[in-house]
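One structure is given below, encoded as structure tokens.
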């Protein structure tokens, strides 16, 4: 008999497996999940298990209410955050959470990552948002659920579109990224880390000639051009078959 | 029957293949091309195809007017920039565009890279130029063509010689490099990244003892000595056979 | 006849062997030891021997008074520091000393590493302490013994619990870490290096928008939540079997 | 018939071969040589040949006056600098010149590397000296010979002992290191790079709490202790057989 969760188990496994090689996680930090919106379930990394010991059948299948549906191991401690995002955002098929070094440093500095160049604009047309740390009662309550709710609400309150902005920094904590597939969520985690590194360097290099100001943001025409040539209705980047 | 583009296909393939291993590109960023000035064509990476899936026959052959001459895939979205440079500069046989981290950070900070040491002077005798972001109408028009034109005009207006200065930063965007062969263009991309890293560190180290000034440029006699011993008519670096 | 020190020799060997691969030591810097509190002995790296030439039988077995019990090689020059920690702290089974780059830079800057994020709070709920350089007469006397005593006394005087805080920076020198096993001590060295890197970046990123203040420490509720979910009596991170 | 230069050819080859793997050179930068003071010759890397194409028989043998004694390739362009150091300093058996990133950045910032910690003091008991750029007529004359003479004179004028201080930064250029063997010279290049990296970080970390001062130098008692326990007459680091 076929395992109805085989596809998401394999996709989640493959995504988790890639994270250490991309330099995005150390030891057991971080977790990736892949969702099946038809069945309202997702497969996620088991908690505290090292990446080299993972296999598709060790992925834990959880429903959008956060209850384990299949699997013998305890799911990632961040499982409820994933559940909240999937249940609110119908168009995301994968989520990745890492503590990647540069992105996490921006989260710890409680700063949005300014859009300083086309590498950033190729992927999203605005600053990478950083949500402030939550109120104490939310932290002390159902913390991981509240982390998900905070992300949802932050996007609502600031009028952000999760299709366009596939990432957020949670202040004091670390980034979450997502995408239509978990493979794309992994890509967004990797590109976020590179954007975070570049923005850090850009400020350090700029401040030597102008210590009292941040570098100028990329001009609007360039943001629009680079974002649209990859993501707009007239996009001409890539091959027609590969997106 | 022989493929008349075999040499440039292979050279372009080999150059593109080297970029990830040199740490200069991630995912599908960046592109290298090799030109044949006799036929007025160049071979360039297809757009959005990952480096491990490339092969010589997947390179797209394009003429100096930017029209595809041979190949089934869509060429790099930056193809017109390459076409403009080849059609204006008869002595370059290869071009490389990357978003390498340190060079891109200087481009995002909108700064020339000052010549602080002999590692820089071994390769070019002036600061690495950074062209400002283009006017909005140029961006909104034929963007990649205008990027090429901007580079050509920047060199003309500032009296720069493309034989001597095989690289430029495009402000807010990233570097382009070139050379008599695409192999040399790859080398110039790699050395630019190292120069960008060293210049960044030099300013950070210098500012701890003198926060209000940039480090002094390398003295003229040293610039001349190092540049000339590698590139002058009396050059004595390397073996007579290997350049 | 069985070697009564076989377990600690193998554990110490395995821990030392991991250090270069984790990027924590270069050449012959650093040393790891594993203790057997029943026999009041520990196995430690021989001094100045490169990591690739190590084997379990080359580990030197030393008692808690610092005297060699078994082995033909001279033990690490830091052996007495290890001996002092084992003889005072009954619950540690392993110690690691490295000169890992970022942690050592904080030690050289004579600064505690502030707790800026959850990556830090996942591992310890306070700043990483940095003990000041010792008095001259302690340095000129039995230096390595005094280094151990200084660590013990620093924890006593500041009311720190070595179970909760498995690491210290020795000012001007470098870090020491420990754990219930040497495997955990190695993990603490690696995580310390990452926390040191992140805290450095956090300050650099924050100072661009607020040059005259350090970033805010992570709020107490988040520290407590993250530390407790991994280490508290109600911990729910990881699998029940793997800690 | 035996090649009288076999030993130095092999030692020089092995040293050059190690430099890229240690992250100290890119492309054809840098060069290592091994000397035979009895014959007053040294073997050195040929100029501009990539490291993977080297072999012992490609090393060029040069006498202490700088004339090629054996070999078909042109020796490193820095050969005369090596010749000057060997002819003045009878106790050095090997020399290494690199453009390693952090050490070169200090050279470009024209700064000595302050002794901030025991990692530095384990290797030399003073700041790493940085000689200022030479006068123009020395640069325009016999440049590489003058570079050697400048190093010799800098040590003489500042009362430095080349046995104790096996390295120098040449301002605006890059480091030279040496040792009783070329293997030790390679080690000194690697440790210099690490010291340069750590000192850079130390200043960056310290300036966040005290922007107007450099970090304090390591206290004298610690410098003396660490230098002496490795290099003094009562040294107890390492095994009696391995130094």
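Per-chain residue numbering starts at 1, and chain names A, B, C and D are given in the order in which the chains are listed.
The rule we apply is simple: a contact is a pair of C-beta atoms (placed from the backbone, for glycine too) under 8 Å apart; a residue touches a chain by one contact, two chains touch by 3 or more.
Remember, it's a predicted structure, so these values are computed and weren't measured experimentally.
The angle of the rotation carrying chain C onto chain D, fitted on C-alpha atoms and rounded to the nearest 5, is 90°.
At the interface between chain B and chain D, under half of the residue numbers involved are used by both copies, so each side presents largely different positions. Chain centres computed from CA atoms place B at the largest separation from chain C. One inter-chain figure worth recording: chain B and chain D are separated by 32 Å, centre to centre, where each centre is the mean of the chain's CA atoms. Centres computed as Cα averages put chain B at a distance of 46 Å from chain C. Within chain C, contacts with two or more other chains are made by residues 203-204, 211.
Listed by chain label, the pairs that touch are A-B, A-C, B-D, C-D. Here chain C touches chain D in the complex through residues 26-29, 46-49, 73-74, 77, 99, 101-102, 104-111, 133, 136, 139-140, 143, 172-174, 200, 203-204, 207, 211, 214, going by the rule given at the top. Every residue of chain D that touches chain C in the complex is listed here, in rising order: 116-119, 187, 190-191, 194, 197-199, 201-206, 208-209, 211, 215-216, 218-219, 221-222, 225, 229, 236-240, 242-243.
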